[in-house]
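Paired with chain B in one complex and with chain C in the other, chain A is shared by the two complexes that follow.
Let's turn to the complex of A and B:
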């Protein structure tokens, strides 16, 4: 299976659970599991080659100009992580099927889970750091959805927000770091960057890049001082916690450090930042974990601690430490996922996770007891379980490490961390399962069905098997992954249980014995711990966030308080100041163009425009008058466009003008006839001064631009020269719209369609609310005069309809070579249709409307998109147009261009959007109790009365 | 001869346009302004046609046709808004 497919499969599969949930929860779970299993199998097919040292790659150009390519790479490290993500993901999917209750929307859960899974697989398989950043952000977003899955719990929402804020900020830093790294290395491809160790470490930008990248990694992997989000993310359902915090999300940071280890590691900066952070995190996390009563919180802090351990190992920068780190990643994923699932089982069965309310469960839940105990003992580092092996390697490496000339510091703290780790692991076992059976569990506990304990049991089997036969079971994977991390020859190491009497063994014994002693003293220590004041991370975080929000609000409110006048003033002043600065700092080239002679008619038009605009400024409080004045301005502008040889613009302006007037008149029906005077005289004077400054500035700028030729050749010349040869049309405006800048147009018609749909949705929302009732029952206007559906108008519009349609068709067809095109044709047809609504009424017209406008919009966008996609089949980029000339007797030679199909899309979208917007607004004006007239026109209003038999 | 006729006609319609403008600026009611705007559209169409004849370009003729075809809708809409409040009943 190509690598890109492995990464994309979960994303594609994410569509399925939401649909399959209709077929039942089990079907939904199986579908999800099938998707993950397919990706896993696709990955495992490559495993033999990768374990033999091969690197599988897949390359696809995406935006090569930016260095952003969809390049994927699978080496030992990628195989290890992708295997963990997909393998444990599969177990989590099965576990979640039995864990989630009937009230939980399972389809949503699996969709989020698959999105997250795809993002994670994407990170570990990316060969391009920019692509990796995309996936990195996707994990932040999808984990937000997963952590906040229980939307009704405030802790869930807060935890999700906190996780998003912290990892999102880290992601931002990471982007900076990766860009610097890519600049230094000269490529954004990892396979290139990894070979540039000397260049990167010699660069003066090495330290900034390192710090930024590490910020990304540390926030993701919950390293001190960013560790606080992880325990709060425990508000998520247990399958999420088990997945995110054992094998995936938090391991992404470790993966990043491991991935970039060959380029970044080995310097003192790397050692002191990474190893120290890891060490502090390990000890601190373990210490807090010991005093947590919530099982999941205990596991959360133990996760923080173990992540610290792995970070520290990576930070040591020696090949042996890297091997130990890789090995511990495997071991931690297995026992920690099993432990989280055990905690979930206990929570599920006893309805509590509070360790103080548990105890004595070993007889009630024997299966869970065995699973949980084996996993916890592995975490403590008991021989014959896998946790022991990697911990021994860690201690061995720590023993050799000298921190700033102090040889005892790292070994002592590492031993202390291991001791604490042993203590909380023992506590997990003893305080939950041992001791006397109690009678006050919130629910009567018993072992769950196989569905719940099957997944952790499988993991515990791995824990034991790796623990006993490490080299045989995990040796190949460890070697392959470590080889990828180190990027060179592997150091000497041996994965076996007995290494002889070594210092590490003594340290291990001290840790286990000390852990047992510490647990015996837990009660007094706990009292002491609870009495000690400590900074509460959540309080600090919340205060920080509140401060940031306050600052953002203050700035936003200062610039943009919702008042159009304020926004306009800020914008205008900025423009004037920037324009003045540019003007004062530059020089004006001498005039190279002569002024055109002034004719009388344009002068009259100019005078009219000025006068009407001035009137508008003074009279805009009377809304209907303002609309009429705007109509005059629109007319003069249209005529001006024709005069200045822009007939396309003139046609557009004239038709848009009509639609705008109808739209605004529909709205004016619902709002007061006048705008109240709200601003003081001083304020108006100030705003007037700003407006005059902007107006004069814009006029001066236009004048200055027009009296000289452009310094550089303008793009217009290119368009004029290539319109016929490249786009097959002589109407440059239309060729620009549908060909040169077709992608723009495609975006615009999509936005237009969305805007119309939003108007529709808002109208529906208003009509469904109490406001809708009020609108339907508001009193009729007593001053109404004339007929609702006058004969003259009905007849005139009926006659106009076919003419307007023919004109629309004509304008459309000739658009490529003469003024016109889909946009104008769409407006003309929409106006022809609106005429019918106005003449014969909403009900009459709506009854004859056979295609819903939503569908017309969608058809337009789809046709445009399909036209664009069509060029892919010809091996050309999206929306490349082609054209040819055809001759069918008896018609003369004519041209067909793919751009015309695109223009059909534009046409349909415009018709649909305009009609949907107008129809939605007209819907607001309908009243209840007014029976629609069955007749198209009001010839004789009394006929309904006589027909009714009165 | 043609040139004189064109100049005369353009002069007349321009004058008409300015008189419409006067009506828009100073009018007893909104209805008068609507009428003035409608007449203004007609005068503008006439000017476009005349200008097209003057420089011999058919495009102006087409544009004026389309403005004529759709331009009256706004007037109808204004009238309906004034008479009945609602333009689509």
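Let's turn to the complex of A and C:
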């Protein structure tokens, strides 16, 4: 199976549980298990080759320009982790089937679980660090969903938020670190990065990259001081805890450190940061675990402690320590998953996880007792169980490690950590299973069915088998994975129970004996512990979060208090400041273009524009005057386009100006005709200053653009060269619109149509609300004109209508070769139609309008789309145009292009959109009780003559 | 000539910004219109200004105005009409609902948004 399929299979499978849950919980569980099993089999097929030392790769270029490729790689380390993720995942799926109650939405659970599984597999199989980061973030998100699965529990939600905040922040740091690493190594492919050890470690950016990457790893793997999220994540259902905290999520950080070990490890920085953090975490986690009464909390802190142990081993930076770390990852995953499941069984059957309310369960739950005891003793480091072997290796390596010139520090603390570990492991067994039977269990305990204990039992079998025959069972995997971590020759090591009488053996004996003593003294020590004041991580975290939220609120409220003017001002000032900073901070290109000569006519136009703009600013309180001035500005701009050789723009600007002014007039019909003077002088001064600053910036930017040539060759030359030969038109602007950039235009007319529909919908909403009733019955304006539909205007518009339509048609037809085209023709026709509404009245015009404007918009978009689709039938890409020349007597030779059909779509869409927008606004003005007049004109001499004759 | 063009863009921008920072919907819409002119002119000028060049291809002519910004600005003009129409409708709906065309509910105090019931109706559109 290709590697990409192994990674994607869980994601695809995540769609299934939601569907299969309708067929029942068991079917749902089996479907999910099948997906995971398929991925696992796909992985195991590669196992023999990988164990033989091969590296399986799968390459898929995605964005090679950015170095972002979907490359996957499977080596020993990847095989180990992917095997753990999928193998334990399979057991968890079966366990969860029997653990979750009927009220829990099981389909959702399995969907989350598969998403998480896919993300984890993706991390460990990625050969590209950017791809790995994507999966990394996905694990943060999907674990958030899993931890918060019991949405009704506040602890669950808080724990999920905390986990997301901590691991998410770490993920951000990791992105930074990985980008630096990729920059140094010159590639984002892991297989390349791993060969660049010398370049990376010599780089001045090594330390920043290291710290950022370690932040990501430490937060994920719950290393001190980020360890606090893990115990709070225990609010999740036990299968989630067992999965996330034994084999997967928290191991992702370890995986990352192991994966990058060949590049990053071996420096003093690496040793002091990683080994020290691991050591502190190991001792601290174990100490806290000893005094936790909640079984899952005990296991959570013990997980923190063991993660610290593995981190410390990786931090030592020696090949032997790396082997020990890999071996302990396997062992920890097996016994810890079994322990979590045991805790879940106890919780499930006795309805409590409080160790102080338990005890004496060994006769009531014999199967659980055996499983839990073997797993816990392995965690304590008892010989013949797998935990003993890796712990011995750890102690052996610790004994050799010198921390800052102090030879006894690391061995002593490591032994102390092992001692505490033994103590809480013993406590787990003795305080839960040993002692007299009690009579006050919340529920009558008994062993569960095979479904619940089958999975942990299988894991415990592994614990024992590896413990007795380590080299035979796990030797190959450990060698392959360690080889991948070290990236070189394996050191001498042997996986066996008896190494002779070594210092590590003494340390082990001290740890076990001390652990037993500590447990005997547990009661007084517990009282002492409870009396000692300790910093509570959650309180600190909550205070920190509250502080961050307060800061964010304060900034947001200061910048964005709901006042649009204020946000606008902040926005404008920011842009000016950013623009100035860019200008001041960069080098300016020298002026390379000659200025165009000055002439009298444009100077006059400039004066007019400046004057009208000034007038507009000063007289904007008179809204009608302001509207006229806007129209004047628009016309000057149109004339400017003519002057600067852009007749198409001039035509468009002029016609759009007409409809915009009509639009604003319609608005003015309802709103007050003047703007009150309400801003203070200071405020006006401030706004004026901002406006002038932005204006100066815009002027400077425009000027700077004008005096330099293009930095890159423009693609316009291509358009000019191919317009006639490829697009069949000499009006390059139109050919660009309907041909070269036809897809853009297609999007634009769609947006225009949507805008018109939005206006229509808003109008409907207003009319349907109480406002609509008020509008229909509002008092008449006393200044109303006596003749709403004057004779002269009606007649004039009627006469102009066919002329305007002919002009529109002409402008449309010439569009491909002369200035014009669908946009402009559409606007002209729309104006002709609007004139009928204005002159003859809404009802009169609407009654003669056969096609609804929605339909016209839709027809336009459809025609444009069909034109594009048509080119598929010719085997060409979407919107490829073709053209030809035809001759039909008596007309001259003429050209037909498919782009013309596209332009028809543009035309119809523009007509429909403009008309729908204006018509919608006009509908607001209709009153109730006024019957539509059958006549277009209020005063009609011909009608009066007829009436007089009777 | 470039001086004239640039200062005109600057003046339109400044006028637009000043009007956008005012308090009433109609004035703000006028300001946005001015900004639209300014932005369109700026985009147009990114092809560099040219005078008296042919608008369509003809034999024997090598230099033309830059057609690409023209095509982009052409659609921008039409789209900006659509957007103006939408904000006109929004402003009008808000005015009709609240009988008040102020855009800021209360300019001075932060958080006043929640305590102005009469204004709150403006959100109905």
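Keep in mind that, in the parts below, the second predicted complex is superposed on the first by the 572 of 950 C-alpha atoms of A that agree within 3 Å, B and C clash if a C-alpha of one lies under 4 Å from a C-alpha of the other, contacts with A are read in each partner's own complex, and residues count from 1 in each chain.
Simple rule for what comes next: a contact is a pair of C-beta atoms (placed from the backbone, for glycine too) under 8 Å apart; a residue touches a chain by one contact, two chains touch by 3 or more.
Since the structure is predicted, the reported quantities are computational estimates derived from the model, not experimental observations.
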{"item": "Partner chain(s) touched by A:800 [first = chain B, second = chain C, both, neither]", "value": "first"}
{"item": "Touched partner set for A:565, first chain B, second chain C, both or neither", "value": "second"}
{"item": "Touched partner set for A:26, first chain B, second chain C, both or neither", "value": "neither"}
{"item": "Which superposed partner A:692 touches (first chain B, second chain C, both, neither)", "value": "second"}
{"item": "Touching partner for A:351 - first (chain B), second (chain C), both, neither", "value": "neither"}
{"item": "Chain B versus chain C as contact partner of A:643, first or second or both or neither", "value": "both"}
{"item": "Touched partner set for A:849, first chain B, second chain C, both or neither", "value": "neither"}
{"item": "Dominant toucher of chain A (residue count), chain B or chain C", "value": "C"}
{"item": "Contacts of A:828 with chain B and chain C, given as first, second, both or neither", "value": "first"}
{"item": "Touched partner set for A:668, first chain B, second chain C, both or neither", "value": "both"}
{"item": "Shared contact residues on chain A - chain B and chain C", "value": "627, 643, 647, 666, 668, 818-819, 918"}
{"item": "List of chain C residues in touch with chain A within their complex", "value": "1-30, 33-34, 37-38, 40-42, 44-58, 64-68, 70-71, 73-75, 77-86, 88-93, 95-97, 101, 103-107, 109-113, 124-125"}
{"item": "Parts of chain A lying in touch with chain C, wherever the complex brings them together", "value": "557-558, 561-566, 568-569, 572, 593, 595-599, 602-603, 606, 609-610, 613-614, 616-617, 620, 623, 626-627, 630, 633-634, 637, 640-641, 643-649, 652-653, 656, 659-660, 663-664, 666-668, 670-672, 675, 678-679, 687-688, 690-692, 694-703, 705-707, 709, 714-716, 719-720, 723-724, 730-734, 736-737, 741, 744-745, 748, 751-752, 755-756, 758-759, 762-763, 765-766, 769, 771, 774-775, 817-819, 823, 827, 910, 913-914, 917-918, 920-921, 924"}
{"item": "Complex contact set, residues of chain B against chain A", "value": "10-11, 14, 17-18, 21, 24-25, 30, 33-34, 37, 40-41, 44, 47-48, 51, 59-60, 62-63, 65-67, 69-71, 73-74, 76-78, 80-89"}
{"item": "For the chain A and chain B complex, residues of the former touching the latter", "value": "600-601, 604-605, 607-608, 611-612, 615, 624-625, 627-629, 631-632, 635-636, 638-639, 642-643, 647, 650-651, 654-655, 657-658, 661-662, 665-666, 668-669, 781, 783-786, 788-789, 793, 800, 803-804, 807, 811, 818-819, 828, 831, 834-835, 837-838, 841-842, 918, 922, 925"}
